[in-house]
Amino acid sequence: MQIGMVGLGRMGGNMRQRIRNAGHEVVGYDRNPDVTDVASLEEMVGKLTGSPRVVWIMLPIDYVQATIDTLAPMLAPGDIIIDGGNSKYTWDKAHAEQLAPKGIHFVDVGTSGGVWGLQNGYALMVGGDDADIATCQPIFDALKPAGEFGFVHAGGHGAGHFAKMVHNGIEYGLMQAYAEGWELLEKAPEVTNVREIFRSWREGTVIRSWLLDLMVQAMDADEHLEKIEGYAADSGEGRWTVNAAVELGVPVPTIAASLFARFVSQQDDSPAMKMVAAMRNQFGGHAVKAEGEK
Amino acid sequence: MQIGMVGLGRMGGNMRQRIRNAGHEVVGYDRNPDVTDVASLEEMVGKLTGSPRVVWIMLPIDYVQATIDTLAPMLAPGDIIIDGGNSKYTWDKAHAEQLAPKGIHFVDVGTSGGVWGLQNGYALMVGGDDADIATCQPIFDALKPAGEFGFVHAGGHGAGHFAKMVHNGIEYGLMQAYAEGWELLEKAPEVTNVREIFRSWREGTVIRSWLLDLMVQAMDADEHLEKIEGYAADSGEGRWTVNAAVELGVPVPTIAASLFARFVSQQDDSPAMKMVAAMRNQFGGHAVKAEGEK
Amino acid sequence: MQIGMVGLGRMGGNMRQRIRNAGHEVVGYDRNPDVTDVASLEEMVGKLTGSPRVVWIMLPIDYVQATIDTLAPMLAPGDIIIDGGNSKYTWDKAHAEQLAPKGIHFVDVGTSGGVWGLQNGYALMVGGDDADIATCQPIFDALKPAGEFGFVHAGGHGAGHFAKMVHNGIEYGLMQAYAEGWELLEKAPEVTNVREIFRSWREGTVIRSWLLDLMVQAMDADEHLEKIEGYAADSGEGRWTVNAAVELGVPVPTIAASLFARFVSQQDDSPAMKMVAAMRNQFGGHAVKAEGEK
Amino acid sequence: MQIGMVGLGRMGGNMRQRIRNAGHEVVGYDRNPDVTDVASLEEMVGKLTGSPRVVWIMLPIDYVQATIDTLAPMLAPGDIIIDGGNSKYTWDKAHAEQLAPKGIHFVDVGTSGGVWGLQNGYALMVGGDDADIATCQPIFDALKPAGEFGFVHAGGHGAGHFAKMVHNGIEYGLMQAYAEGWELLEKAPEVTNVREIFRSWREGTVIRSWLLDLMVQAMDADEHLEKIEGYAADSGEGRWTVNAAVELGVPVPTIAASLFARFVSQQDDSPAMKMVAAMRNQFGGHAVKAEGEK
């Protein structure tokens, strides 16, 4: 099968490779001349000879809309655009509706796998119509892991990105829970061997997981993480998960707590805690620390 | 009425004054010669001529047990020891039981009022036996605010400190909720006048309170709290509240969240967030910030 | 001064009364013939003789857009529409922009006061332009409480509703913190007199507030709240507060926890806890409760 | 090697089997005559012929102290008592100190594995002295999983139970995060295939884990968990984790939130939410639900 791929960064580039390794043809376009296969989107579309043509967009979210707007006039009825990036699930239905009058079909794919995907495969969560997904199945099969798992048709337009969003929301909660446990062990006077505790948990425990394996790897490189700042960025999906939960009336205390912990980690100083300190000073005469004194 | 008072710091000193203002006699002892009335505990007890004698201990928690141990042999059956400090509620029953064989009675008093207490009165939450509390009532009446509120016999030994502990736990939650709202308003691009919003809330709103008044006062001194570090100490009561709730199976999500926010504010860097950053780096190749780079 | 008021429910009806009590003229319209002054919006606008004309909309959020759409053609350049309901702050800028081409001005007002507002006044948080707010000031002065507080010009379009939204978000947190403390006291074996503890806190404590006064009132009617179900509805503002915080990157752990506690209270059974029970059963053989057995 | 084992319930019985399968001799005692090997503790100790003798206690926490008290006089200097149950870490140092004057050694073992342990092995977290652990190593090797992980010498007395406690605390957080994500997917209108989404996550995702596998198994038995009540018991370890964190000043927002979610699931009705409903009624006239109406 043949596919066009727009966006050949860390994710897109590796995905092109994995698809090619499976024997398919990928015509990749990226504005970076070092990695692109063609000079322009037009050239990419021009090289797609199948019918329908399938174009996979793998771009940062700020570029998705403009790329769809540019691509649409180059495509014909029956062609399929796949948005495989980290787009918000609410956009997918809008994109499907934008493309429908032109007869262009739309599929959303949430993709997990990170830097390990090239080797181990990418987990794919797909939203859209059965027929379109069947058309693209050879590409999905090339990308997914070798075993029986790692692919799901999650529902209609948006379901793929919704599922991926929730995957990431859960991921926030899992990471935070492990991290809290690690901090607690590091502080316990009885405990002398925190890294080896985590390593031992890799078998026979309820909490064994891939994230646990990664924690051990990180501690093998830097046992007490002394070289790493306690700063955790957050991507859109954690925020969207909490907001979707709020809109649907679903309590998500651990996912929200994990997101807020990241927010705090991103602050140089906490305005809220300034105010708490100010109130303590007002009612109790408790000394405040002057800015810079901490 | 006559009372001995041990501990004449910020709280004890003002309480001595307020009791005296009400016409009672206070023999105060403090190891600080600048504030003490007598040279020793013995001298203090020797000057108490009533029967029963009443001694009010107003000390940091680390000094309470030793003071009770020292005082007990100087007192006679029927005498009363009041622990008015921020002691843990679980100690009170133990103190009552320690003193009972000697016929000495014990009363625990949780005290609120801070630096405003001398002028406005202290809210008193009292645990112990009816008869003992009746004996001490003139002192309680001298200390409490002028109005109809501010005094309660909360229950048996420990109930006074338990009530005060919960008061402080609630206080943590209230302060955090206001502080979160303040931070949110400060970040909102639509809003230009955060301090005046808070001031306006002092009448007609659901959230008017004394803490709100204090916030406005703090902002009047430093509108955006630029001179204050976002560092909030925590006293024992917040921790005890969460632990008591956990032991009694009571969910306290906001009080616990408030306590944890203070813990985070006390850290130079967050071990947990180092681990979250390390995991993100392991699975996604997300760059970490080197320690010191933040 | 003269004003049109659309929506004469519990809030709007009392506000009409309070404005009239201050000596102003209100032409009120409601689709309920028992409370309306006029038969239609047209008749209401027709009776407004001033220039500019001012119309205050006090409607449930689902009716606001349609009412603005209907009113706009009846008004003239310079006239002012006030949205005083619980609208979302993001709508205000849209409404201002919708009306601007017609020369109609827009002011958003967040209103607090509930069933007590008629007697005590309504706290008003106002967003919009200085000149428009000056025009409406006599009405604001009629509605606000008698003292020096209770009114603020919070910022541009949307700032009034944003401030009111945050007010309600804080309110969620305050209520939850008090409620957690109450539950903890009710469960403590040492404590015998929970209601009187709360009553005593009304003076001399750090946590004294109007909400505390209301709690005592509620316990005076039903000491242990045995007649009330533990079900708490949530209005839009709590949800919007959390979502706004997430979008602005502001950690709001207590406000979010309060919102989630309400979500849980609204569920007959918790899907999440079904899954926790199912996992415990899978790994530990822990018995699950069959549905209906609880 | 030879070992005495006290307590042959679900855990102890399977552990006896696994140790025997590895070729060691176990003399097991249980008060249940159907499972015990001997009629009494005395008989059990009498059958232990090695030097030192090793006795493994695998009992519910309420029986541990009495059993140690009973066993101690039967043992000789150099003998070893292992507490392999879910005891609190703070007890271990006390037990070691209790036994030290008699020359009896103490080792604490946190054990994970549940109903899967017999087949897959038990993860062991061990606290105590090097020499004692070396003596017991053949038994640990028999119990642990076959691979290179699943055993750790975590530190001094108490470190084994501390590590197991934190393991369970993390487990609480992980389960809650997955469960929140599941509830959110079940509520999302876009998503039609929640079980298959979870199944697909078993490969290629960041959140793959043994708990995820168990969730899929539970959904295979009852896709929407309609037969299970949303009731989750909590064992001591979750509570101890939060309390240890509070004492050590470690923020554990997700672990605490998970524990509180279980507390709520255990309540027929929420006192706190009654109070929230009561306050809403007081200030806003919002109707409350009468008890039983929910």
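Letters A, B, C and D mark the chains in the order given here, with residues in each chain numbered from 1 onward.
The rule is simple: a residue touches a chain if its C-beta (ideal position, glycine included) is under 8 Å from a C-beta of that chain, and two chains touch if they have at least 3 such contacts.
A quick map from chain label to UniProt name: A, B, C, D = Decarboxylating 6-phosphogluconate dehydrogenase.
Everything numeric here is computed off the predicted structure, so don't read it as measured data.
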item: Label of the chain whose CA centroid is most distant from the centroid of chain C; value: D
item: Same vs different contact residues, chain B with chain C, by half of numbers used; value: same
item: Distance from chain C to chain B - Cα centre to Cα centre, in angstrom; value: 33
item: Computed distance of Cα centres, chain C from chain A, in Å; value: 37
item: Cα-centroid distance, chain C relative to chain D, in whole angstrom; value: 46
item: Multi-partner residues of chain A (each touching 2 or more other chains); value: 114, 176, 178, 180, 183, 187, 206, 210-211, 249-253, 257, 260-261, 264, 270, 272, 283-284
item: Residue ranges of chain B in contact with chain A within the complex; value: 10, 114-116, 175-176, 178-180, 182-183, 186-187, 210-211, 214-215, 217-218, 222, 225-233, 253, 257, 261-262, 264-265, 268-286, 288-294
item: Chain A-touching residues of chain C, taken from the complex the two chains share; value: 206, 239, 242-243, 246-247, 249-253, 256-257, 259-261, 263-264, 266, 270, 272, 283-284
item: Residue numbers on chain A that touch chain D, as the complex places them; value: 89, 93, 112-114, 117, 120-125, 127, 144-145, 147-159, 162-163, 166-174, 176-178, 180-181, 183-185, 187-188, 190-193, 196-197, 199-212, 241, 244-245, 248-255, 257-258, 260-261
